[in-house]
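We just call them A, B, C and D in the order they show up, numbering each chain from 1.
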Amino acid sequence: MTRETKAAPALQVSQWVNTVAPLTLESLRGRVVVIECFQMLCPGCVAHGLPQAMRVHQEFDRSLVAVIGLHTVFEHHEAMQPHALEVFCHEYRITFPVGVDTPDTNSGVPLTMRAYQTQGTPTLILIDKRGRLRARHFGSVSDLALGAEIMMLVQEDSEEA
Amino acid sequence: MTRETKAAPALQVSQWVNTVAPLTLESLRGRVVVIECFQMLCPGCVAHGLPQAMRVHQEFDRSLVAVIGLHTVFEHHEAMQPHALEVFCHEYRITFPVGVDTPDTNSGVPLTMRAYQTQGTPTLILIDKRGRLRARHFGSVSDLALGAEIMMLVQEDSEEA
Amino acid sequence: MTRETKAAPALQVSQWVNTVAPLTLESLRGRVVVIECFQMLCPGCVAHGLPQAMRVHQEFDRSLVAVIGLHTVFEHHEAMQPHALEVFCHEYRITFPVGVDTPDTNSGVPLTMRAYQTQGTPTLILIDKRGRLRARHFGSVSDLALGAEIMMLVQEDSEEA
Amino acid sequence: MTRETKAAPALQVSQWVNTVAPLTLESLRGRVVVIECFQMLCPGCVAHGLPQAMRVHQEFDRSLVAVIGLHTVFEHHEAMQPHALEVFCHEYRITFPVGVDTPDTNSGVPLTMRAYQTQGTPTLILIDKRGRLRARHFGSVSDLALGAEIMMLVQEDSEEA
């Protein structure tokens, strides 16, 4: 885990799946936030990243840990439009909220992904209870290490002493 | 393996991926043909059916066994259009020819799928050297059983005695 | 995790593998102790319990978390003697210290296993920095949950306030 | 598959598990014989070789294909004695007949293993219906390839034309 301490950039989401009301990091303050950045046609996301996020969603108390998916499409945009993402989430039984990262028609890299400077997909992001960016895992991280990291953040205070 | 002996219905393909010239069962006569019927957003196809078809493609001599994918979209048509299928095949490193089963705008069930009366995806179809439909496996079949079935068909004569 | 708070019973070990000096829980005070109770001919131990213990041994800082194997033979004693255990540890590349739970010729259940009242193998035991028994997992526990539990104990103080 | 055509050497077995009467290759003539050579403390045998042999035992008609285990102990002899093998077979639910390859106190390499000149464990041996040695796979062979090989031998005639 890269130790990071700056405030996590805001989510810039154009559309949500699996949630009625849009989510903001502010509204999740006080909980540890796990963001799974993926693309629906990325094999590593489908085989490893998303199943791991689903396990986190199952394992932890949701009043302590919030899991969010973020569809950060930076290639093959035409093939991964929001209507297809909805079908994907339905077929893969993804039940946590998933946001569509707002496209940037100039660069192709969507806005939240650019703000977080992630390197690709899958990337798992951890944000602490105070809204600070604490880790970005590009590629894979073991369940054992991830469970430990999340618990470390869960144990921290929500407010500065 | 259901023992079946009638002539395999013709492939009704509107578009091909991974091949320059359209394929027909006639042109494959003399080889055992393995058809993997799938949908790109079907989890069982992505996790099991397609990887197995890729193993068959790797394992057997291509002058004896031809592997074909058939994109039999019968639900969520908008999310699984040919341009998305192309990206999918590229990202998942599928190198055998994949045909788009011709849509039927009335029923939603594409034409080849209807002719083969398959029950859903994934379905693995085996056609013998003489072009006869020999097996339809809906769901999963073990590699051990499939290897044996294919070899049984490989050992048969191409022509009637 | 069953919340338990009594002092962990002492290890009653007749012989050690992978360590020169015998280990005691006292000597590990200040570290979280993970004890993998297994039998070398128990399939669940070989397939799941021991590989998980090896991952814990790899993942955590050894000054914070100590992993120990405990060979709690309660059946087929003749087939799982210490000389065979040594070969087993060598062949399976188990590098953490493994103790032979002292046999009880009367009951067949070895002494430490009886003191901990475990139900069988594999059982994973967690002891906190102050030497208190905190959890006994019979069967399987997910890596995600285990990573979280261990980290929770790592974060605790070594001394009472 | 190495193409081999000589007569398979006789089994030299000092003791059998899972069978009342000793087995000989002669008594299995007319069936394809699959011999899984293993050691009970060989990790590759436990994780891959034996589970594959069990799948073969399940998949094929036993009047056509006979599966046998052969405990070819060439190292750590003291830890893998026949009484321990019996416990091992019981715990791992191995139901096909398993023979103990006759030890050679001089070389350490047991007699059948030496006659077959195998390189270690796991090794899977295939013998055709006429009793000829047809393949020796040291290490791993895929289920797809193995299913095909076995079926090829099943399809052959039992008698020379």
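Remarks
Everything that follows uses one rule, which is that contacts are C-beta pairs under 8 Å (C-beta built on N, C-alpha and C of every residue); 3 or more make two chains touch, one makes a residue touch a chain.
All values reported here derive from a predicted model rather than from experimental measurement.
Listed by label, the chains that touch chain A and also chain B number zero.
Averaging C-alpha coordinates per chain places the centre of chain A 50 Å away from that of chain D.
The mean-CA centres of chain A and chain C are about 36 angstrom from one another, to the nearest whole unit.
Multi-chain contact residues, meaning those touching two or more other chains, do not occur anywhere in chain D. Because contacts link each chain to exactly two others and close back on themselves, their graph is best described as a ring.
Chain pairs that touch one another are A-B, A-C, B-D, C-D.
Here chain D touches chain B in the complex through residues 55-56, 59-60, 142-152, 154-155, going by the rule given at the top. Across the complex, chain A meets chain B through its residues 41-43, 46-47, 76, 78-80, 83-84, 86-88, 91-92.
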